[in-house]
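Below you'll find a set of structures to go through.
Next come two complexes, and both contain chain A; in the first it sits with chain B, in the second with chain C.
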Partner chain A sequence: MSELIAKLKSEIKRLFDEDVVDVVIAFKKADSPLRPQPAFYRKGDSLEDLEYNSLCQNNLANYLTRYPHETRIGIVVRGCESRSVNALVVEKQHPRENLFKIGIPCQGIVDLRKIVKQTGEDVSGYKEDQEKISVVFKNKEYQFDRKDVLHDSCLRCVHPNPVNPDVLLGDPLPEGDPGVLRQAVESFEALTKQERYTWFQQEAERCIRCYACREACPMCYCTECFVDHNPPRWTESTISPAGTQAWHIIRAFHQTGRCTSCGACERACPMDIKMTYLTDKLNEDMLNQYDFAPGMDDTTQPPFASFNLDDKNRFVA
Partner chain B sequence: METKPKIALFQCQWCLYSEPDQYWVDHNLPPSIRLMKVSCTGRINTLHILNAIQGGADGVMISGCRPEKCHFKEGNLSALRQHEEFLNLLDYIGYERDRVRFVWLDLQDRGRIQQELADFENKLQELSTANTLATRINAPEGEVHV
Partner chain C sequence: MMYILEKKKLNKILSTWAQEHEVFVPQKVEEYSQFLPYTEDSELALKSPHNTRYPPKALFLPQSEVMLKFNNRTQKYEEVNTTPKSRLVFGVRPCDAKAFRLLDTVFDAEDYADPYWKAKRDATILIGIGCEVPPSTCFCTTVGGGPFNQDGLDAILTELEGSYLVQILTEKAETLFASLSPATIEQEKQVEAIQTKAHDSMSPAFETDGLKQKLDQIFESSYWDKISESCLGCGICTFLCPTCFCFDIVDEVQRKERVRNWDTCMFRIYSQEASGHNPRPTRRERTRQRLMHKYSYWLDHIDEIGCTGCGRCVRYCPVGLDIRAMLRTANTHESEAVHA
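The block that comes next holds the complex of A and B.
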């Protein structure tokens, strides 16, 4: 991993030296070794605290929309992030020519909760290699298999390699199995209607309406979200059952054909609410009906934006 | 006494070609049916549908124009893509999909809207009321709900 960080540093240094970018979005070390933070480097900044490992939870594409279009951004992208960037480029949130994607094939993001559940909160050291993750807690070392502690959405990842990066650091990984993508949806669909509703109700109504999922999501870039809009109010913005259900339904629905299944929403959720089973279903429908997968290139419009008269046979009744 | 199911009818203002039909919808709707007249089905947001459901409607009916007949050229195409998928999502989380119905009307469909509404009412009476989404808390009497 230190080899990769060294490569990353020299690449970022080159970008600044050759004046390719104004700012580079990457990760840096934070107080806790378990929580690397997003960092924004400009020319002349020290790259000493630059960090990259499997604990980098955020989807960096989230920060793309916070810069003016003229800013030339270098961004460290893994598979899902590169697709998010593509989807944002399609939606004209940043011009492609002002972007420089530094691609890293991703082995999956480690779920903090799975580690902390077995050790404890105050982890003081972290190491990883291809297969093993080891953390130090109270002077005791814990070893985990990488597969056991990966985040759920990363276990279902199909495209670990960045899509059309400007430079690729590290060797490409084998593509995932599309069948695995269906797992969450399949196990949910196997339930009866009543069970599905009960499950949804239990998940949705635990919500405390902190909107961390929205803030973590690169595709949720609206300046005014429908839940904040008033008057008239679209939905109840309290934690009433109707309000939380409406939030979960519409938040997922607004991601139709746009969500890249990075799982940043679930990782950000303080209540550990499952959300990707909704967006995965919508994405699957988009793939089946319109043969569209979000973020696989930076020109194809998502289905809801590209309707045409070919649909006319679908008007039944 | 059996109460009639409450229906929210979203009607595109251009879709009823015959004047008596439009008059009937505007003036003689039964009290169990609420009319929301919209400028085009493309104007309907999925949140409108969700709000109707959460506001206590037993069923939602959307009437619009056939493809190529849309007053705004392609509002109905956009509406179909979105609302169909929205229904898939509602169905997926366990809501009765049949509680939302589309009616796409053409030039020759005179008197059809009454028939469709009656059919829909019958259908809704058959459905169980188990899996309905949580309803909103209504504003206190006399206050304006914003």
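The block that comes next holds the complex of A and C.
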């Protein structure tokens, strides 16, 4: 990791020295070794606290839409982040020429909740290499196989390598197995209709409508989300099965062909609610029916956002 | 008075109480914990080093609370019954109990008492449990509390080997434990040592002296741009916070109800006005409101900090923003000329 961080620092320094970018979005160390934070560097800032490891939980593409189009943004991207950036470029949220993507092949994000479940909460130290993750809890070291503590979305990741980065730091990794991506969707589909509904209810109805899933998602950048619209109100804001289910279903639908399966929504949720099974299923439909996967280039419109005059299907009934 | 409650008798005493009161205990849900009604099969989550993730303020200020119903036939509003059955909340942590007392100054003030809040508060007995090994994310002692603080509680438990020592703090709890055997002097001493040790294990997280003045001074400074830069603007820190109490009243027309829902200053629409103008247009102003409310405006109102150091916002912020670090930065922020 330290080698990679050194490379990252020198690349960022170069970008500022050669006046390529105005700001670089990356991660920095925080007080707790377990919680690296999104960081925003500008020319002249010290890069001393720059961090990169498998604990970096957030999808940095989320911050892209906060800048005016003129801002030249450098951004550290892993596989999913690079695809989110592409999807945002397609949706004209930032011009490609004002972006510099610093790509890092991604070994997956570690899910802290999986670790503390086995150790206890107040983990103090952290180390990682290719295979192993180790933490210190109450002066004792605990070691885990990386695959046992990766976030579920990362276990299912198909494209860990950044797509069309401007520079790639580190060696490309083998692509993931689409079969694994299928598994979660498959086990959901294997349930009966009633079981599926019960599962959905159990997940959705714990929701406290904090909208962290929305705010953590790069593709949820609407100035006004449908749940915030007033009047008319599209959903109840009251915590009720109807309002909460509507929130979960519509949020997922709005991601169709746009979600890059990064899992940032699930990692942000304070109520441990599962939601990627919905978006992954929608993405699977996109792939099967339209041969489209979000963010694999920065020009192709997602099927539901595009139209053409030769469309073989009639438009509205 | 101090009693010894043997752990193996805990379920029995809870079921006895449950005959008369509605009893709430912390229970595990997925990987988090929450106060839920006690039943014989309840799996108690008392072992955690800290409070429940979902805050017990919801027992008094539910996330959604029906205030009135509209009757279509009579074309009239109907009151809903606000008086609950007598309640007993078992296993409250001191930071959360203190928060109830702080919130009483909002919902049960001299000039106005909120009937919904007050009815539930009056009907409730709070049995606390102290935190023997406070985790690094908690900082109650920094803000005037402590892992065994008695503020707001009717009784407090300290865990011993195989039992709990119960300290009775108010009349409300007096009779609840009367059937138990009293603690020995030795046990009392042991508990005192445990409590002191827990308290002393927590070092100050930031300087509170002069912090309010400092925050007031840097109200217009670039400090807020820096600390809010990574904030997502979600509702986690405030919804889970035991002292955040903002709400929004809506008419759920289809269900013919007027409902009070939690709201938060971290949401854009919270301060959005009907004209379209938003006096807190960005996360900078919203983050500022959150911190200023807790560390300045509460002091203006009741001369107490409106944060009990419960650590929830620190633990669950999805971008790892830590209010303690923010306040340390505020303390060292050079006052600068007011920027335009």
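Everything below uses one rule, namely that the second predicted complex is superposed on the first by the 307 of 317 C-alpha atoms of A that agree within 3 Å, B and C clash if a C-alpha of one lies under 4 Å from a C-alpha of the other, contacts with A are read in each partner's own complex, and residues count from 1 in each chain.
Everything that follows uses one rule, which is that a residue touches a chain if its C-beta (ideal position, glycine included) is under 8 Å from a C-beta of that chain, and two chains touch if they have at least 3 such contacts.
Keep in mind that this is a model prediction, so the values were computed, not measured.
> Looking at A:R267 after the superposition, I want to know if it touches chain B, chain C, both of them or none. Which is it: first, second, both, neither?
The answer is second: A:R267 touches chain C but not chain B.
> Applying the document's definition of touch, where does A:K193 land relative to chain B and chain C: first, second, both, or neither?
It touches chain B, and chain C stays clear.
> Considering only the touch criterion stated at the top, classify A:L278 as touching first (chain B), second (chain C), both, or neither.
first
> Between chain B and chain C, whom does A:Q245 touch in the aligned arrangement: first, second, both, or neither?
First partner only.
> For A:D129, is the partner it touches chain B (first), chain C (second), both, or none of the two (neither)?
neither
> Looking at the overlay, does A:P303 come into contact with chain B only (first), chain C only (second), both, or neither?
A:P303 sits against chain B, while chain C stays out of touch.
> Who does A:E121 touch here: chain B (first), chain C (second), both, or neither?
Once the two structures are laid over each other on A, A:E121 reaches chain C alone.
> Which partner does A:E236 reach: the first (chain B), the second (chain C), both, or neither?
In the superposition, A:E236 touches chain B and chain C alike.
> With the two structures laid over each other on chain A, which partner does A:P38 touch: chain B (first), chain C (second), both, or neither?
So A:P38 only meets chain C here.
> Identify the residues of chain A that lie in both the chain B contact region and the chain C contact region.
Correct list for chain A: 230, 233, 236, 240.
> Which chain A residues qualify as touching chain B in the complex?
Within the complex, chain A touches chain B at residues 188-189, 193-198, 200-201, 226, 230-236, 240-243, 245-246, 249-250, 252-253, 256, 278, 281-282, 285-286, 303-304, 307-309, 311-312, 314-317.
> Within their complex, state which residues of chain C touch chain A.
That would be residues 29-32, 48-50, 53-54, 63-64, 135-137, 229-230, 232-236, 239-240, 248, 250, 252, 254-255, 257, 259, 261-262, 267-269, 316, 318-322, 324-325 of chain C.
> Where on chain B is chain A touching in the complex?
For this pair, the touching residues of chain B are 46-47, 50-51, 54, 66-68, 74, 76-78, 80-82, 84-86, 88-90, 92-96, 101-104, 130-131, 133-137, 146.
> Give the list of chain A residues in touch with chain C in this complex.
30-32, 35-40, 57-58, 62-63, 113, 117, 120-122, 124, 206, 208-212, 214-216, 224, 228, 230, 233, 236-240, 267-268, 270-272
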